[in-house]
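Please go over the structures that come below.
What follows is a pair of complexes built around chain A, which joins chain B in one and chain C in the other.
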Partner chain A sequence: MTEEKRRAVGVSMWKLTWRRFRKNKLAMTGLVILCIIIAIAILAPVIAPYSPVEQHLEDRLQPPSSKYLFGTDELGRDILSRVLYGTQIALRVGVLVALISAAIGVTLGLISGYYGGIVDEVLMRIVDIVWSFPSLILALAIVSILGPGLINAMVAIALTMWASYARIVRGETLSVREELYIEAARAIGESDIRILFSYILPNVMSSILVLITYNIPSAIIVAASLSFLGLGAQPPTPDWGLMLSTARTYLTIAPWYSIFPGVAIMITVLAFNFIGDGLRDAIQPERVS
Partner chain B sequence: MVSRTLVGVIAAVIIIIAIAAGIAGYYATRPPATTTPTTSPSPTSTTPTATTPATTTPTATTPTATTPAVEKVLVIGYTRPPDTLDPQKSTWVDITTDIVFARLVNIDSEGNIITGLAESWKISDGGKVITFHLRKGIKDAFGNPITAEDFKFDFERFIAPETASPSAPLVVGTLKEVKVIDDYTVQFIFEEPYGPILSMLATMPSAGIYSEEYFKKVGDVEFGTKPAATGPYYVVEWVRGSHIDYAVNPNYKREYYPDSVIENEGPPYIKKLRFRIITEPFTLVSEFKAGNVHVLLDVPPEYYKELKNDPKVTMIPFLEYTLHYVGFNCQKYPFNDTRVRQAIAYAIDRKPIIEAALEGLAVPIYGPLVPSMIGYSEKVEEYAKQKYQYNLEKAKELLAEAGWVDRDGDGILEDRNGNKFEFELWISTGELEAPKVAQIIQSQLAKIGIKVKIRQVEESAFTDLVSKGKHQAYLFRYGLMDAQILFYMFHSKKGVKRMFFYRSDLDAALEKMGSTIDPKERQKYIEEAEKILIDGCPMVPLYARKIFVAYRNDVVEGIKVNPYTQSLYFNDAKLKG
Partner chain C sequence: MKKYIIRKIFSFIICILAVTLFSFSLLHLIPGDPVRYILGEFATEEQYQKLKHQLGLDKPIHIQFIDWLANIILRGDFGKSLVKNVPVRELISERIVYTLQLTGTAWLIAFALGIPLGIAAAIYKQTAVDYTVMGLAAFLMSMPYFWLGLVLMLIFGVMLKVLPISGIGDWRNVILPSLTLGLPQVAVIARLMRANMLDVLDKDYVMTAKAKGLSNTLVVFKHALRNALIPIVTYMFLQIPWLFGGAVVTETVFAWPGMGRLLIISILQRDYPTVQALVFLIGTLTVIANFAADLVYAFIDPRVRVTGEGA
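Coming up: the complex of A and B.
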């Protein structure tokens, strides 16, 4: 669909995006899965058969059975309950990290693109530096300074991920600021802050949204990796990465212990990535070849 | 952007593949009879998941097809990458250097001090002088003769400030001079008598003897990578992160370590040893099951049952001389109150810890020493055991006395100012069972209203942070053959900083223990120090592990273990086939 057609039909951009998105089967599958995951996260205390930290020392490393659907771990905790509660942690980590890094990156990107000059130069070099590090390695370095723990891990990951927002938002700001309506806003004496956040931000919002949906799964993966290395969530938190880390010791004795948290991570990450792809194609149809 | 997505998807796929490979390895009990497994004996490469029967025989991967050791090398699995192989400079000494260096004296399988490179010795001047009469005709692996001058050189290098040996103060105490009387007599002269001197000289590889000539020829650096000396083997090559290769010392004689259980009069039969460095215990065990590693020095408790039932595996048990304990920072609130520390000692039940976290392969310990340490006394252990029997009521009473009561009914205790009883328990990432033990303690202390937060700290940072007193409480271990460990752990000035439990009567007892050579008199001071530690409760002793050395009896036979020194004897071992 072309720009002209959209104007002619007279529907809003978001409505149009939704229409295109709906046609994408993979994206819709992702959305349905995500809804289920969110429901699980909210309902975990209701649907989990046991407390995620309750130990049944006499039932250690039990294979899946009717009593423990996903089996038990090395301290006799119900793996099903832990995987269900783990949803809360994974979603919280993913969404919070994406929002924090978006807040940092978008603000810096807007400033950089709008003011240009030396400000732009300095900010973009910082972005280059952050961008050049693999995010896991940089997050590892930051966590080892801050100390281990889930909150510190989230801060560390956010600090590695803002650069992509800054770069994209800057690029879009560069073109948007040349538009006539920005000139008009300046002419009627709007403040810079108002121009940035009321005029430019809404115009770059769609790219940010796509970026966020891609960022959430990366954040979940990096957080799980940090937990896997003992730097993220601390025991007995029912974190999927931490569960995998412990489970690898029992890979031959209790394979189910690794399977369930591993599959949980995979499903969640895939759901977000499907949505991200669908959203990108729907918002920027010109990029689809 | 796309690359980020890809990373996510790839990571997820890798996890799944890893898991699938694990399952395949688990269920593929044997390779299909028709196809000969083409090379790669790694367990993840076994594929036939389709034909897996549900009957699980966990004896797993029979390595019948993989031919063991074509070039006749005994492969030993080893989990700890060494810093240097020069024991005088290393912070960690173990079997990798133990088999390279023979020592002045030894400890036999019954725990007695016996001869070694020294034929006899005499203690005089109240313990300030020890005269050693050496064996004649000692040669190192390259035939360099070893005489009194070499002993002098070795020990003077050991105590020299420029060597900065981490173990010297512990091994030789206040040794100040080594005098050569004649070619076969040396005299050790001490500033103060050193109580555990003989057991230290007998067990620490850093007290091992090497040729001055060889050392000067290869130099300081190469000696740290390719040590060759008087022990049954010497190092040929060390590839960091991969393996250490040893060759037999052709000049080795049984009289250098005349333990009655050793039969072989000459050098060991097995000509080549390889220590393969595999830090991941799971990988190590699967390599062992696949037949690529022949000896496991410490079977992870999780795999004990599986390996015990394997007819191809022989296990040798012994009790480690290491105490695992919960240590408090006795200078920091709330653990500066003895009653609070004692309350926690009452509230920890060792039985479920040992059953669940260690598969029952440990003995509970209540006092500061474990049975395999010199100086351990059953009487003192019994005293501690009676004093700190698991008792939740007593724990609550003591806490209430110290002002800790649940004031707002949330199940967590508060002090008089309303602060909640919440503390961080640090564990080291280097200890496999620590997270399990810590989580059990966490749930046990929750029963008396104490909230524990667990924090994993990387092992090298762990001791550093703890010695700076940054902790509230931690879970760790200490170990040495001798009760001298108490001096090392608890002396206010000369010890390491861990629990910050300082008392003048404890210092006095420890100093006397350190400077008394007569075993009976020394025992008195050891027990005195132990009692102060039990009553003052700077720590809660938990357990000592039962260690199992395992070897593949289809590859090798005749490996022996000295239960006291926990040294492995390869002298009588032979490769099969």
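Coming up: the complex of A and C.
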């Protein structure tokens, strides 16, 4: 649909996006799965058969059975309950990290694109470095400064992910900076801050949204990796990465232990990636061939 | 072209400086007193002063930086490990071979499988071949390295019992770790290759070639492939630092005694000279790989070569 037609029928850009998104089967599957995951996270205390930290020392490393659907771990804790509670941690980590890195990146990108000059040059060189540096190594370096722990891991990951926002927002800011309505806003005496956030930001919102959808699963994977390495969530947190780190020790005698937390990560990441692909295609339909 | 290269050299120098400063500052950015943090609360005053002197923290900060950098550049000396009491350089040189073996094999797997799979998916677009390859790619890209590693261990080590599950030994020990590191990259490269190929197959000169009556094989392999490969060649370099990142996790999963494993152990044991050295090395490697990618891109892409314009 062209710009004119859209205005004519009075449909907002977001409504139009949703219409296109709805037709994408993979994206809708992702959305449904995500809704289930969110429901699990909220309802975990109700649906989990046991507490995630409750130990049944007489039932250590039990294979899946009717009593423990996913089996038990080395302390006799119910793996199903731990996986269910793990959704809370994964979603919290993913969303918070994506939002923090978006806030940092968007602000720097707006400043860089709007002011240009030496500010832009310096910021973009920093972006180049952060962007090309393997995120896990950078996150590890930051964790080595802050010390291990889930909160520190989240801060570290957020500090590795902001660069892509800065780059996109800067580019879009550059292209709208010279538009007539920005000049008009300046002429009526709007402050720079207001121009940046109420005139330029809405133009880049859709790109930011797509990026956030892609960054949530990356953040979940990096956080789980840090926990797996012993530098993120600490015991007895029911974190999927941490669970897999212990599961590795019992791989030969308790193979089920390594399966379920990993499947949980994969499904969550897949759901977000499907939604991200669908959103990208719905927002920028010209890119779909 | 000249302008493009000068700009890239300028950016290269700034990036190397930034990596150097960042690695140096790791110790100084620790909140509070780094010496106290490393030693814990029960250290004596004597231990405290000794470590402070060993780390050079008793000197002014600019002198510390110059000392640190001069030792690296002139002598390849990264200081002494706080845990093992041997030079950091020795610790790293013992392990670097293993990491190179792992990342090198993974790199080969990534391109040897990724390029043909991507081409196949593009040629047989929207057929079972395409859906299978792209479906597998989506799965592989959603699996964290450590879980992929565990799954491969379960299948080939525990169930089929055909490959050793951890440690080093003969060539069979390399297979699972390098597959773990390489398979997600196969997915990335296959997707990239497919997209490039489809892009190129849509171009006018490919149409012309087809219209001339050239066979499909000739069109694909002679006309389309060459241009579709340009971004892949760039990616060959860009991917190297990411393989080192993945190696950190993979080496931990498979108890592989490489640099990545050393990095994790050093962070957990607060062995800062080792952490600084590893971050510096991997950072420098990242910057060099990116620079190489920029240069290669300029040389093989005629559009950049002639006009100096490029991504």
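Just so it is clear, the second predicted complex is superposed on the first by the 288 of 289 C-alpha atoms of A that agree within 3 Å, B and C clash if a C-alpha of one lies under 4 Å from a C-alpha of the other, contacts with A are read in each partner's own complex, and residues count from 1 in each chain.
We take it that contacts are C-beta pairs under 8 Å (C-beta built on N, C-alpha and C of every residue); 3 or more make two chains touch, one makes a residue touch a chain.
Since this is a predicted model, take the numbers as computed values, not measurements.
Trainee: In the superposed arrangement, does A:G230 touch chain B (first), chain C (second), both or neither?
Mentor: It touches chain B and chain C both.
Trainee: Touching A:S218 in the superposition: chain B (first), chain C (second), both, neither?
Mentor: first
Trainee: According to the stated criteria, A:P255 is in contact with first (chain B), second (chain C), both, or neither; which is it?
Mentor: A:P255 sits against chain B and chain C alike.
Trainee: First (chain B), second (chain C), both or neither: which does A:L146 touch?
Mentor: Once the two structures are laid over each other on A, A:L146 reaches chain C alone.
Trainee: Is A:M266 touching the first partner chain B, the second partner chain C, both, or neither of them?
Mentor: In the superposition, A:M266 touches chain B and chain C alike.
Trainee: Name the contact category of A:I129: first (chain B only), second (chain C only), both, or neither.
Mentor: Touch partner of A:I129: chain C, not chain B.
Trainee: Can A:R194 be said to touch chain B (first), chain C (second), both, or neither?
Mentor: Neither: A:R194 stays clear of chain B and chain C.
Trainee: Return first, second, both or neither, reflecting whether A:S164 touches chain B, chain C, both chains, or no partner chain.
Mentor: first
Trainee: Is A:K25 in contact with chain B, with chain C, with both, or with neither (first, second, both, neither)?
Mentor: neither
Trainee: Take the contacts of chain A with chain B and those with chain C, and give the residues found in both.
Mentor: Common to the two interfaces on chain A: residues 144, 147-148, 217, 221, 225, 230-231, 244, 248, 251-252, 255, 258-259, 262, 265-266, 269-270, 273.
Trainee: Tell me, which parts of chain A touch chain C in their complex?
Mentor: The contact residues of chain A facing chain C are 125-126, 128-129, 132-137, 140-141, 143-148, 217, 221, 224-225, 228-231, 241, 244-245, 247-248, 251-252, 255, 258-259, 261-262, 265-266, 269-270, 273, 289.
Trainee: For the complex, give me every residue of chain C touching chain A.
Mentor: 11, 14-15, 18-19, 22-23, 26, 29-31, 37, 138-139, 141-147, 150-151, 153-154, 157-158, 165, 198, 202, 238, 241-242, 244-246, 248-249, 252-253, 263-264, 267-268, 272, 275, 279, 282-283, 286-287, 290
Trainee: What part of chain B is in contact with chain A in the complex they form?
Mentor: For chain B paired with chain A, touching residues are 1, 4-5, 7-9, 11-13, 15-16, 18-19, 22-23, 25-26, 58, 60, 281-282, 285-286, 300, 302-303, 306, 352, 355-357, 429, 432, 435-436, 438-440, 442-443, 453-458.
Trainee: Touching chain B in the complex: which residues of chain A?
Mentor: The touching residues are 53, 55, 57, 60, 74-76, 144, 147-149, 164, 211, 214-215, 217-218, 221, 225, 230-231, 234-236, 244, 246, 248-253, 255, 258-259, 262-263, 265-266, 269-270, 272-273, 276-277, 280.
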